[in-house]
Amino acid sequence: MGAGLSLSGNSSLSGSKMPVVQITRLVHFSAAHRLYRPDWSEERNTQVFGDCANPNWHGHNYELEVTVEGSVEAETGFVMDLSQLKALLDQRVVSEVDHKNLNLEVSWLQGTNPSTENVAVGIWEQIVGDLPEGVRLTKVLLRETPRNWVEYTGG
Amino acid sequence: MGAGLSLSGNSSLSGSKMPVVQITRLVHFSAAHRLYRPDWSEERNTQVFGDCANPNWHGHNYELEVTVEGSVEAETGFVMDLSQLKALLDQRVVSEVDHKNLNLEVSWLQGTNPSTENVAVGIWEQIVGDLPEGVRLTKVLLRETPRNWVEYTGG
Amino acid sequence: MGAGLSLSGNSSLSGSKMPVVQITRLVHFSAAHRLYRPDWSEERNTQVFGDCANPNWHGHNYELEVTVEGSVEAETGFVMDLSQLKALLDQRVVSEVDHKNLNLEVSWLQGTNPSTENVAVGIWEQIVGDLPEGVRLTKVLLRETPRNWVEYTGG
Amino acid sequence: MGAGLSLSGNSSLSGSKMPVVQITRLVHFSAAHRLYRPDWSEERNTQVFGDCANPNWHGHNYELEVTVEGSVEAETGFVMDLSQLKALLDQRVVSEVDHKNLNLEVSWLQGTNPSTENVAVGIWEQIVGDLPEGVRLTKVLLRETPRNWVEYTGG
Amino acid sequence: MGAGLSLSGNSSLSGSKMPVVQITRLVHFSAAHRLYRPDWSEERNTQVFGDCANPNWHGHNYELEVTVEGSVEAETGFVMDLSQLKALLDQRVVSEVDHKNLNLEVSWLQGTNPSTENVAVGIWEQIVGDLPEGVRLTKVLLRETPRNWVEYTGG
Amino acid sequence: MGAGLSLSGNSSLSGSKMPVVQITRLVHFSAAHRLYRPDWSEERNTQVFGDCANPNWHGHNYELEVTVEGSVEAETGFVMDLSQLKALLDQRVVSEVDHKNLNLEVSWLQGTNPSTENVAVGIWEQIVGDLPEGVRLTKVLLRETPRNWVEYTGG
């Protein structure tokens, strides 16, 4: 039996190193936004952002995949409890953005243009400080449509 | 060889009946909306429609499947040319709703609450009169999210 | 504007007929089962049901699509409130089968072989009596895997 | 317990009617084709069929969903054994078209233009006569791409 | 023409370096399991693992993506023959876990709690030693549901 | 507010570093091919490539995901304009391969065996030199079917 698979849970005694694994949880939310800089004219916003600058808004079903990494705990076989990760995402992200306007209603996106890039970076900041000890946030992947998405790894 | 498969194209001479087939084209659009009746108070709108009544809007990536039915043409093997169906959907539907606000900007949805049901019925009305002779619109299926959708068959 | 799209909500006064629309909600659950008749020998169970008869069980992520049909309400634009449909499915179906053993733990499947067909019929019976007035259950579609599924329409 | 759920298997004795259910099996194949009538000039083929008429061929990953309907057997809980349906599809369809040229190599498509419509009708003819007694073929759904598909129900 | 695309197959003579590419094969299996430590009481198992600890089991349709990396062979244009990779996965993994109980019937998972993490690590160990020379296993991605998955890269 | 989220657009003045993000665009094309070396006999081609060597061709719906990486521009919130990336992919890749024969009609694949590996490397070469300054191509992922794909990262 390889390292990290034992139920004995005494890896610290035996000195064996537990495998490092990444786990991902997918959640979704629906929101309105527009690409827009208030310090630009409507004309320039439209020139740069096209129909994404529509002053009457448009919206998306966003799919969010959050990946964390850590050693598998010998006791549980978990990197972390997925229900705990889901609860964190619901509390810090989904409840803040679902059925909301990303330009107007999300405090941690204020002052930004809610491009997929900026929303992904904002989500990273919302959760990176609240993971259990020993678990690292490694990726936020945010799909704006099934045909385009962004990934942020904290760099 | 069964009816409708012949390249000879003389089905009317031979009296054989061509098979009736349904063809479907999928298109997508992203839009903002809210569920809302202007003749109700904000309180009542929220009570009935929940967070879908958010005055700051929210939005979706809609997936639209339009199905038409007709006899397979002996000459082409087509019920109708799919590029013609796609052009019709782009012109009569997608260009009207993509990156738009369904409550404010779509003439043929004015005076309605843009529930998925009402949008699907509206799309049906937009295209039912413009199909080639011998081709019938049989279904408009509109997905608001991957987890809920409506179908309208003209009834 | 066609029938059923009006916000005036006075369709009963005007005599106009509201359109009939089908709405579908997708939910999922994960369960264990085996195909097995207790009145047959293990040998015969294996002969008929193959590796689906494994006495140590196997399981699936089931995807359940429930479709109901009704007239669009002029007031709301809804056939029925989707959150109400989801609550019904959670209460009468998902809470009963998710992370359960379909052979041992589901009262309304007792005495049946939990084939996809039988589970779908059982789900139909669980919900058909609890829909709002004027709303009809029209289809239960149950996917056992992404490659095979059954549909029951009450026939 | 409702009709059709009993393990007793004596529905014929008790006179209870078993529920009628539809089951679907998904299979896939990859093939080359062109839309082309040999009795037309290349110019006319290109005019009517566009880049689908490319003399050097193009191809698709086809997804095929075959639906059959029948009463649930009281003994097994099956409409029919899915592995039997899969074997039929493999033998009569997939082995004939997978990694093949639909214009040149499929005997039951000879003399036809391999539009999705015609291929679906051809598949129907390949399997409709080989189903177990009491099981009816109700639909052949053939996806040429994730964005367009046809359905044939034998009409 | 860039490196690695030549049919001449003499890259070793010419000294040109072939590109390094990753190839992935997706397979699936359905299995039962429970999250459970035999050295804990049922109460503690339920406290830690929730309804995943159900003594009557539950199950999933697992989707397994295995990625290997190597230089493209100049002769074939392959990193390795995909049918060979599929055969390895069928023999060493799928035939061992499909329609099985992960707690009871899989020798290389004995003594572990079959969390997605531990199953992924176990699958890695099953195949890492059997790849062709010059081909490295780089990732095992195991989806327990469409909403949660783990990745193991051997670390 | 973290780095890179400011609308002030003066990151160069303030010295703050903008986050580095990856963005991906998905496009698709349908093409014919065969795995085949002209300098081998048909027998050897079939022996090595199996039914992929069929002289009458077969084909696929290819899904292509192209990922680029760069700092988020403070002004726009973009790594690069996605419509510009899509235009590049359409011009340099999709228009060259869609509804084409990969063995016969694609100049930049001439002299190669069009394995998924070689096509992915060829696509990389087609676009790597045409990205905006400061934007790096990081991955070409090409799916030949939903069950197998390759990734090339330029190594």
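Here are a few things to note about the model shown:
Letters are used for the chains, namely A, B, C, D, E and F, taken in the order the chains are written, and counting of residues starts over at 1 for each.
Assume a residue touches a chain if its C-beta (ideal position, glycine included) is under 8 Å from a C-beta of that chain, and two chains touch if they have at least 3 such contacts.
Keep in mind that this is a model prediction, so the values were computed, not measured.
Contact with both chain A and chain F is made by E.
Distance from the centre of chain F peaks at C, each centre being the average of the chain's Cα atoms. When the CA atoms of chain A are superposed on chain E, the rotation angle comes to 120 degrees (nearest 5). The pairing of chain A with chain B is characterised as same-residue: of all residue numbers used at this interface, over half are used by both copies.
One finds 25 Å separating the Cα centroids of chain B and chain D. Look at where the CA atoms of chain C average out and do the same for chain F: the two points lie 41 Å apart. With each centre defined as the average position of its C-alpha atoms, the distance from chain D to chain F rounds to 33 Å.
Among all residues of chain C, those that touch two or more other chains are 146. Taken as a contact graph, with one node per protein chain and an edge wherever two chains touch, the assembly fits none of the named shapes, being neither a line, a ring, a star nor a complete graph.
All chain pairs that count as touching, in label order, are A-B, A-E, A-F, B-C, B-D, C-D, C-E, D-F, E-F. Residues of chain A touching chain E in their complex: 1-2, 4-7, 19-27, 67, 72, 75-79, 82-83.
Chain C meets chain E in the complex at residues 28, 30-33, 51-52, 54, 56-61, 98-101, 104-105, 145-146. On the chain E side of its complex with chain A, the touching residues are 35, 37-39, 48-50, 108-118, 120-122, 125, 146-155.
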